[in-house]
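Encoded as structure tokens, here's the structure I'll be asking about.
When the chains are written out, they are named A, B, C, D, E and F in that same order, and each has its own residue count from 1.
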Amino acid sequence: MRMVLAVIRPEKLDDVKKALEERGFVAMTVREVKGRGEQKGIKLQFRGREMEVDLLPKMEIYLVVSDDKVDEVIDVIKKSARTGKFGDGKIFVIPVEKSVRIRTGEVES
Amino acid sequence: MNSGDTAWLLASAALVMLMTPGLGLFYGGMVRRKNVLSMIAMSFLAFAIVSVQWILFGFALSFGNDVNGFIGFNRSFLGLVGLLKGSLSYAPTVPALAYVVFQLVFAAITLAIVTSAMAERMKLSAFIVFAILWTTLVYDPLAHWVWGNGWLAKLGALDFAGGTVVHISSGFSALALAFVIGKRMGFGEYSMEPHNIPMTLLGTALLWFGWFGFNAGSALTAGTLASVAFVNTNTAAAAGALAWMFASWIKEGKPGSLGIASGAIAGLVAITPAAGFVDPLSSIVIGAVAGVLCYFAMLFRISKGIDESLDAWAVHGIGGLWGAIATGIFATKAVNDYTGLIYGNVHQFVVQIVGAISAIAYAFVVTFVIAKILDAVMGLRVREEEEYVGLDISQHGEVAYS
Amino acid sequence: MNSGDTAWLLASAALVMLMTPGLGLFYGGMVRRKNVLSMIAMSFLAFAIVSVQWILFGFALSFGNDVNGFIGFNRSFLGLVGLLKGSLSYAPTVPALAYVVFQLVFAAITLAIVTSAMAERMKLSAFIVFAILWTTLVYDPLAHWVWGNGWLAKLGALDFAGGTVVHISSGFSALALAFVIGKRMGFGEYSMEPHNIPMTLLGTALLWFGWFGFNAGSALTAGTLASVAFVNTNTAAAAGALAWMFASWIKEGKPGSLGIASGAIAGLVAITPAAGFVDPLSSIVIGAVAGVLCYFAMLFRISKGIDESLDAWAVHGIGGLWGAIATGIFATKAVNDYTGLIYGNVHQFVVQIVGAISAIAYAFVVTFVIAKILDAVMGLRVREEEEYVGLDISQHGEVAYS
Amino acid sequence: MNSGDTAWLLASAALVMLMTPGLGLFYGGMVRRKNVLSMIAMSFLAFAIVSVQWILFGFALSFGNDVNGFIGFNRSFLGLVGLLKGSLSYAPTVPALAYVVFQLVFAAITLAIVTSAMAERMKLSAFIVFAILWTTLVYDPLAHWVWGNGWLAKLGALDFAGGTVVHISSGFSALALAFVIGKRMGFGEYSMEPHNIPMTLLGTALLWFGWFGFNAGSALTAGTLASVAFVNTNTAAAAGALAWMFASWIKEGKPGSLGIASGAIAGLVAITPAAGFVDPLSSIVIGAVAGVLCYFAMLFRISKGIDESLDAWAVHGIGGLWGAIATGIFATKAVNDYTGLIYGNVHQFVVQIVGAISAIAYAFVVTFVIAKILDAVMGLRVREEEEYVGLDISQHGEVAYS
Amino acid sequence: MRMVLAVIRPEKLDDVKKALEERGFVAMTVREVKGRGEQKGIKLQFRGREMEVDLLPKMEIYLVVSDDKVDEVIDVIKKSARTGKFGDGKIFVIPVEKSVRIRTGEVES
Amino acid sequence: MRMVLAVIRPEKLDDVKKALEERGFVAMTVREVKGRGEQKGIKLQFRGREMEVDLLPKMEIYLVVSDDKVDEVIDVIKKSARTGKFGDGKIFVIPVEKSVRIRTGEVES
């Protein structure tokens, strides 16, 4: 099993969700994060003190899927999250050893 | 001079003042998290800019001696230097300055309503310039036409508390501006959900509260007329809230709390011109029709893909239009000296329509021209990256919540 | 007619109006994030529904000519058609409509207080039906008994601004409703922490602010009586806040800001019936006792596992009961025409208890019956999954924060 | 007795009352998430504590018969027992208690302003003791000096609504306290960003709204003077907001919404002593200068590494000082009976400076001593771990948002 | 070492925390997320536009523990987070190579 | 590739960010979490019921970097996030198999 973890534009969440759904990937977990990629951020001043608020709001979304689905999920996210501009985000693949469904105790690995 | 009337007018002015930041919260809750400060700040700035403009020359333009029915002027009103003592004929029982500041807070909120169309994309510097031009070239003349013995007043158009001057003008100006400034990036492509609905509901509460000053204060005295206006205001708000709720319940399956709030505002808008002319039972009708009408106006706007983002047009423009007409329908001698269509007074009905259409045309065209010129000269919109990171960071260098 | 009195009464009506959304925020901050819109929306709807009901027939039932001491009726009050001009004997120095709307805002907030027991589980449709029935069958008669020349008025029961009519009635109705509707899923099993305490504190501020209109407005004139009521109101609120704070500090080791807020509300509730009858020093006692008493009432409720979720019973019910009795203890000729127990007037003391108990019994029983019938006919509660996802999504199709 | 004046004074007292929780929100939005409840609670407690103190003996000390120009005393004022009927010479057209409570709300907010220097580190128990001592030993004497026929009143110092009594005293007291209590852990090392700027903007709105009661209420009558004060108040706030905005725009490249808000407060502070003595055009100057001056005062404070955390000193202290002086510059017979420097009245100008400096010295020194003693006796600060986890948990056992 | 990452009902956090504590698992990190499992969500309307708000609030909790403790932690969470209804959540196990205590610089692996 | 995941004091985020930046580590993702380490928390009362609010606000920050950078990143975070008191936080290293840049489709592994 793998966790496909993507950091995307918040505005694209709906599109990504819908695209994943259409391919049968319903289960997922989502949260708000802040981040930046390679390009540097934006300067910001507050009450006389300068600071960097270059971390911009992003959405993190992860799906734990079986190994043979990883490429498909990546593909779907890549297509649905893309605008072609800086800030489109990244996808990371992390190994997962085991997954347990709490309700039933069912274990997958 | 009457101390009770003065007490009421000053209290009303304070109430109306609170509406502008209340509107900022109402709007601010509906934008995305990255633009909330920009949205609230525009309301504060609208208030601050008009406050200074009004003192310096705005009041003179609106309420000075009539010049050809179109505009007012009075040297001694500039800087209010001639108004420190005594009363004005507009409101003989209260000090002149009480009347001046009561009118000031109306001018301020009118501009603030227009910021609906600027949501999440207007450049701060362009807004400031727009604010000065718009209040001077659109609001001041319209206020003069209706309340400053201008041509609409002479024609006999009724507008108790600003259905035409405030709501039609701001609503249709917002529409014009929306056409010029264009849609937000991603509008129609992905959802832009309100980031904080409780904030919008708080704004609604402050608006409803302040509206008692708006409408009942417009009686300019503390007596029966103010009391009628007060009751009508509340009644129409309640009817509007319920009507929009039921309409959206039927149409969408669920009644959003935003719909209840928007319906209340629609009812308040519609009763504004009528508050001192109709009876409470008519107010139920006026409010309920406004709730349904504005709801469908909003759906219409969305279906046309117009990004008049926070529905100043649908709620204030259309609600104000309905209110102006409704005044010509329901006005009754039981309340004030005028009658409407249901009492056979076709003339008043027609005059109301003429007044409303003139205001629509004037506000729309002049705003369109101002916006076009500003866009050419300095650009109305922030850059694309600025819009992407949000106006709070790009225009104000701040993050709302941390 | 007196313009100063009118100005004050209209301003007071506006202040009291703000209390209802203020209560919505007070309650809304205490529920979980997924139910905040539902909570605030119920306050808005309580206000809107009562606003229309009151205009149509509520005022006639409460303040019309007395029918057997139990209810009022007056044809010309229906739709307020006979009240557009002139005054009422209830408040001879102000326009009739000013009195009508001042009473309206009281009726509205009373219903809103009851929503405490509906928190996080009431079906919106059931709430709407409940609202109409409750305000008509519980509030209107009680208002008539005490303020509309009903049997309690004739008996001589004192209730300056609504300790019995507003607070006892809503508090004990909430208790009855809590028994019928049942506990929230998971109540007592896992913690249900308030999702936004600053929102509750904001609500407290608006309630305290509005309460000046509530109590000092109930003088119905702008003079010495209003001033006494104003001072007493503020004093009792302050004493209640401090008393609850110290009580919880001693008992729990730390004084929560929610306790300070709840104590202020408890003090405000308790002084409500007494505000125009007692002196400021008595107000300190009344407020401080209320703070401690309501705190222990809350602990008692929790220990009994009763899910009267936001403590309308503990704070409004018990606080109102104490206030009604305290009026019979501390009333003094130095302030108004009545004396209490400490001046040897046992009769007043007994009358106060009779009034309070009658109101408790009536409100509890009628509410219980209404709730039982509604539960059988249409169901009071949302379905389990709906409760799980929250009422904002399930009843309103909205998410509060995004 | 005049019902219109009474209506206005009671309404004003309610407006000013709202300022204290408004200030709590203003401050609360600027602290970190873990301290927001503590910050708001201190404002509530300031209000509650002063409410009781004022009733018991505070009013007697401030407005009782003059004792050597330094303090007042009047037995019959204790507990307000002798004030239930009739008027006071301070405000002959309104009931005595209306005047008492109007003054009460001023005393309360003054203390609340000082909490700026306690932000995120003051022990709750120490705050409570400080509150009682400070209001008794600093506020009451100063109020007596200026408004209670004390020595500054006899000298002829003008302070319309509290530039000296309220703002200078609280601002410089905050500075003294900041020196004694010391910096927050990590101040200057890492950034402490405001956790909720919309909350601060809401607070600003409530302050601006309430300030109409503060300044225009200080006319103590509902007439021309109140109207002038109302207009001046609004004008200076607007000018202050715009001036701070432009100053920070130039200096920092971007104008924060917090700057707009702070500028409005600076303008409001500065016009406070002058509101009933100057004309609207002067108010523009007074407000605009305040906006720039207080902005630079804030930058100065930061550059010196002084953790007077929420800028009571920079905004209220310096703004109040400028306002006191400006009153001596711009006072005009066109508005009231006094003239200032620009009309050649050097004496008034000098008196204003003497008054301001006396207040600064008195407030700073006495606060410093109180704070030092308290620190030695019970400790002003929470423990380091408590500061780390935040005062909401450590002092109140609560978490603001969940 | 392993990271045991569980997505649970927000209402169950207290129970889970207490249960873990009792077994000596004190260290943990928690955050709010939104998610959905296999079952589909709930439709939602807003101002005339339909959208899916089928992501429901959940709590994510993770503990990094030594390999021999993984099963015990899973077991504790499974028991304390369970209600038997849909939405009880999932547990994932992710390999962790190394862990460093910032205060002391101490490394575990 | 590895994900270096650190849970730090919120107040230290700026320092850590700046220190990473100086060494060329610009890309990162950040989010607010609550957590506790080994030491036990603080008790809390609310409205008559006692509960534990021993989870304190923390910042989680993660960077996905190539394997040879892991130690450097750990080192930078360790130094810049340290105050020497309890609550300084922890760093975890998690294997990442693959990373995809959404804008370009570029894959690293």
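Observations on the structure shown:
The definition used in the following text is that a residue touches a chain if its C-beta (ideal position, glycine included) is under 8 Å from a C-beta of that chain, and two chains touch if they have at least 3 such contacts.
Keep in mind the model is a prediction, meaning the values are calculated, not measured.
Each step here moves to a touching chain, and the least such steps from subunit A to subunit F number 1.
The angle needed to superpose subunit A on subunit E by their Cα atoms is 120 degrees, rounded to the nearest 5. For the pair subunit B and subunit D, the fraction of shared interface numbers is less than half, so the two copies use mostly different residues to meet.
Chain pair with the larger contact count among C-D and A-B is C-D, by C-beta pairs in contact.
Distance from the subunit B centre to the subunit F centre is 48 Å, each centre being the mean of its Cα atoms.
In terms of their C-alpha centroids, the spacing between subunit D and subunit F amounts to 43 Å.
Touching two or more other chains at once are residues 2-5, 7-8, 11, 33, 191, 193-194, 196, 202, 252-254, 256, 258, 397-399 of subunit C. Residue numbers of subunit A whose C-beta contacts span two or more other chains: 14, 31, 44-46, 51, 94-95. Residue ranges on subunit D touching subunit F, taken from their complex, read 33-34, 186, 190-192, 388-389, 393-394, 397-399. Taken in their complex, subunit C has these residues touching subunit B: 1-8, 10-11, 13-14, 17-18, 21-22, 24-25, 28, 36-38, 40-41, 44-45, 47-49, 51-52, 55, 79-81, 84-85, 94-98, 100-101, 104, 124, 196, 199, 202, 206, 392, 395-402.
Contact residues of subunit A toward subunit F in the complex are 2, 6-8, 31-40, 51-52, 55, 58, 60, 74, 77-78, 81-86, 88-95. Put simply, subunit D touches subunit B in their complex at residues 2-5, 7-8, 11, 15, 33, 193-198, 201-202, 204-205, 208-209, 212-213, 216, 221-224, 226-228, 230-231, 234-235, 237-239, 241-242, 245, 252-258, 260-261, 264, 279-281, 284, 334-335.
Subunit E contributes residues 11-12, 14-15, 42-46, 53, 56-57, 87 to its touches with subunit C in the complex.
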